[in-house]
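Below is the structure I would like to discuss, written out as structure tokens.
Labels run A, B, C and D following the written order; every chain starts at residue 1.
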Amino acid sequence: MQKGALNVHRIRKDFPILSRKIKDKPLIYFDNAATTQKPMSVIDAIRDYYMNYNSNIHRAVHQMAEEATHAYEATRQKVARFINSHSTDEIIFTRNATEAINIVSHAWGEDNIHKDDRIVITELEHHSNIVPWQILCNQTRASLDYIEVDHGGYLNMDRCEKILQNKNTKLISISEVSNVLGTIVPIRKIIEMAHGQDIPVLVDAAQSVPHMPVDVQTTDCDFMVFSAHKMLGPTGVGILYVKREILEKLQPFISGGDMIKEVHKYETVYNDLPYKFEAGTPNIADVIGFGAAIDYLNRLGMDKIRDHEIELTKYAMDAMKDIRGMTLYGPLDAKNKGGVISFNLGDIHPHDLATILNDHGIAIRSGHHCAQVLMEKFDLSAMSRASFYIYNTPEEVDKFINALNDAKRLFGI
Amino acid sequence: MQKGALNVHRIRKDFPILSRKIKDKPLIYFDNAATTQKPMSVIDAIRDYYMNYNSNIHRAVHQMAEEATHAYEATRQKVARFINSHSTDEIIFTRNATEAINIVSHAWGEDNIHKDDRIVITELEHHSNIVPWQILCNQTRASLDYIEVDHGGYLNMDRCEKILQNKNTKLISISEVSNVLGTIVPIRKIIEMAHGQDIPVLVDAAQSVPHMPVDVQTTDCDFMVFSAHKMLGPTGVGILYVKREILEKLQPFISGGDMIKEVHKYETVYNDLPYKFEAGTPNIADVIGFGAAIDYLNRLGMDKIRDHEIELTKYAMDAMKDIRGMTLYGPLDAKNKGGVISFNLGDIHPHDLATILNDHGIAIRSGHHCAQVLMEKFDLSAMSRASFYIYNTPEEVDKFINALNDAKRLFGI
Amino acid sequence: MSEDIYREIILDHYRNPRNKGSLPNADISIHDSNPLCGDEIDIHLKVEEDMIKDIKFEGRGCAISQASASMLTEQVLNKPLNTVKDIAKEDILENIGLMNLGPARIKCALLSLKVLKLGMVKYYADRDPGSAKKIQDESKLY
Amino acid sequence: MSEDIYREIILDHYRNPRNKGSLPNADISIHDSNPLCGDEIDIHLKVEEDMIKDIKFEGRGCAISQASASMLTEQVLNKPLNTVKDIAKEDILENIGLMNLGPARIKCALLSLKVLKLGMVKYYADRDPGSAKKIQDESKLY
């Protein structure tokens, strides 16, 4: 492992897409909260699988099947170690974080949530951590409760405490880092409070696991979800972590081949953990590719990634604050947030701003960021968002600031 | 498009894995019913996406997001054309065929199946087309009924007719081609009979769409499912086709980002078809890769692929019949079956046979082939299976026959 | 390039939209949003003997969606309702002078047309359910 | 290579399994299957004063799983039940002379050991629920 800070210059060479030009300008990719770019080692791992040992897994005895099974299961071990789970049995591969939440809302929710129960989320949540609970509440006639966010982007912890004391509260599902405001939520404290009332907690770690060290044993969460594509991995792979004692009681969700031990005409014996939750041919190539992504992150070190993002975020926010007409949303101290900056500039609509920035080769996201509840809170329909990762540099931030000034000129503000 | 038969020699050059050696012998890949190999164009399409325009789709206005969205949606069009569906709105991307069936068993089943209703499948089915219905029947107290298979591998059509006349029958779910016996099921006739009684039909086309021309408008099926990885495409992509009039009434299954139009605190407006059924970041790279697979198949022509498989299957079965101690299962006329041959050789257990063949560089599958109900029918726990695709040759079959004779020698039979 | 897109006229319609507001006693009110970006448009119509006698829009979104809604309302005011079905995607893009929009931004430009067409179909369907299918087919949405 | 795997002794145990059959009045009967390939093993035990007084297995599967079950029953017959917990994966592979099996085939070789260990845990758990956890931990399955 490297000493000191990230060697961003060297890192950039591992990402072939960074030599791409957009509108004749070098690509500046600031849409990392949506999905990150992939290093060559990940792209090559997928290619290597298809070129050399592509095979269905688990069920065959020929050599390529064994190699593929081995590589697939090796990723499960890497994931378990990466988040420090007790055992690989607790790691379930899904399509994405969204599907992972749905497994909980369906398989766990339908058994454990009843009429008049309450499910608690926050106003910060991504749609993927809202809609499944709305549907579950609808089906079971439970109710959905929100922990409020103040205008600085922080959760109202008094309200949180009160909600947790309500004896009908049966689940808390909460983001560790907001994909819009960047707010880092004190999940450890919330989990401690929740467990005091025997309330299980799901952590939506889609924006934390890629960017900072995460340890499921320390935080003691009951469920955790995240997506490979937001942490250098391929699209099509998500992770559901479930604490073993809960997992053992969980009914399967998707059923079919591979998740069974014995199928008879009218009954079925399910497979052992975690296979019971992975039905049909899995996304073998991409799970293997995800293994290479974890290796890459481990080589850099999650602490250093976090430091790099704090620095870059601070640098960008300092410059943005100086632009007249700029509104920044969320915590203003980079230490309290992930590498995500949401903002608006005068009356320029975020989509228009994104179009103008695109002409400068800069990819940012604009819109509701799948967080319309939060948008309603701010009485907005859209924000612009720049989000950083390991390959972004202060020089890119400088160009971004220039582009913002160009947008002001075009709009005459 | 080429005239005449497949140019297998040329095709083989497109598949880099075919130059691999197993135990110092050239790989002979006869496990195509489990998953097929991938041509360079598919592997390159995935690589190209990650190297040049990797981006989340649908929701951003920057250029790479537009390119990725365009390529992703282009595959939807290719799929729609490939199976001749009315519109792209009827094509839903899933992880695999298994998940596609589960969407129907959950989202459609829970609304449409009630106590005392009957769901009809066959003894031929893959576990993925059995277990979801067992679970649904369990939940709704409906019952599951099987159309029997005779020892020649054909469905009992009299029994089929009788079951269809039962007024409690509310769904038929049936494979078009058996993954074990290869039997081609007369689905057009069954669908006609079923529609006479207003019974919808799900076709599990996992083993037909990759191997022969399929047209959802001609067969008039209500649901169809298949997997990209069994037709040159990447792992992690399946297709659910649903006839529009049914799809319009279908509740979403997996919920979250991307499948919504508006999310408010306590209610949500869902997105238009087909997006309503695709929640969270999809498997973008692999859907794009699947597009390249369809292009490849179209260039060859599905009719010619079918002809090639008939020829090779006939060639192999003729040679296998001459081996003493050989038992072949399923239809004996290659015209009535897909390119799949299941068999047993003396008292050699299929796993042992697969191990021996692996020493000859030959990959076959052994076991229950995710069809234990069928195995019970034949009073067996396992069969060996060789299954063919576009790159397989008669010379490979010859080596396979030699290897079978070697196994006999080792086991002293 | 941005210079071509954000011309005076677009910014003028964005900042000073024509026919913006509510319309009490509207004969049709219809709402839709662009799921991709969250832009929203409501269109209210007053129809007399098949003529669009008054039209107002409400909504929020980018300069392109707001300007194109503003221009569209100007274009159809005092025109026969059934001519709405003949307005094509290209007409809108030409109107606002943006023939080279990327696919994502095109949806912004066309949202108001989509809403207007939905409104027209609804209007006829309410009055003559039998004809709804036909009108819907005729007024193909881009 | 196959020549090494399918030696006389394996084929002999496959075709003439020792201790195969049912065991009326067994003290423990336990069943498991290998989900990967469908091999199934039932083991029946008669235990007296912690000694395995009789053992039978039933099952179907490949030569490796059947031969290793046959050999395992020979090995433990008339041995103390609690010694079962000390049998390791390597012991089995050495016994049957197959140290180089691939990961898929290893599961075949070890299925009978897994079933026997499950049986032992169940036996003690039935008699002394308190001790079950401890024995289970001690008898780690490969």
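The working rule: contacts are C-beta pairs under 8 Å (C-beta built on N, C-alpha and C of every residue); 3 or more make two chains touch, one makes a residue touch a chain.
Since we're looking at a predicted model, the values are computed, not measured.
Peer 1: Work out which chains are contact partners of both chain B and chain C.
Peer 2: Under the touch definition, chain B and chain C have A as mutual neighbours.
Peer 1: Among the chains, which is located farthest from chain B on the basis of C-alpha centroids?
Peer 2: Using the mean of the C-alpha atoms as each chain's centre, the farthest one from chain B is C.
Peer 1: Using mean C-alpha positions as chain centres, tell me how far chain C is from chain D in Å, no decimals.
Peer 2: 74
Peer 1: Rounded to a whole Å, what is the gap between the Cα centroids of chain A and chain B?
Peer 2: Here chain A and chain B have centroids separated by 32 Å.
Peer 1: Cα centroid separation between chain A and chain C, in whole Å?
Peer 2: The mean C-alpha positions of chain A and chain C differ by 37 Å.
Peer 1: On a C-alpha centroid basis, what's the spacing between chain A and chain D, in Å?
Peer 2: Inter-chain centre distance comes to 44 Å.
Peer 1: Check each residue of chain B and list the ones that touch at least two other chains.
Peer 2: In chain B, 23, 59-61, 63, 65, 260, 262, 351, 355, 366-367, 372 touch at least two other chains.
Peer 1: Give me the residues of chain D that touch two or more other chains.
Peer 2: Touching at least two other chains: 36-38, 105.
Peer 1: For the complex, give me every residue of chain C touching chain A.
Peer 2: 1-3, 5-6, 11, 15, 36-40, 60-64, 105, 108
Peer 1: Which residues of chain A touch chain D in their complex?
Peer 2: Of all residues in chain A, those touching chain D are 58-61, 63, 65-66, 69-70, 260-262, 269, 271-272, 275.
Peer 1: Which positions of chain D touch chain A when the two form their complex?
Peer 2: Of all residues in chain D, those touching chain A are 33, 35-38, 102-105.
Peer 1: Applying the document's contact rule, which stretches of chain B touch chain D when the two form their complex?
Peer 2: For this pair, the touching residues of chain B are 23, 347-352, 355-356, 359, 366-368, 372, 375, 381-382, 406-407, 410-412.
Peer 1: Help me check something: in the complex, which residues belonging to chain A touch chain B?
Peer 2: 16-17, 20, 22-23, 27, 31, 34-35, 37-38, 42-43, 46-47, 50-56, 59-65, 95-99, 101-102, 106, 126-132, 134-135, 144, 146, 227, 229, 234-238, 252, 254-260, 262-268, 279-286, 351, 354-355, 357-358, 362-367, 370, 372-373, 376
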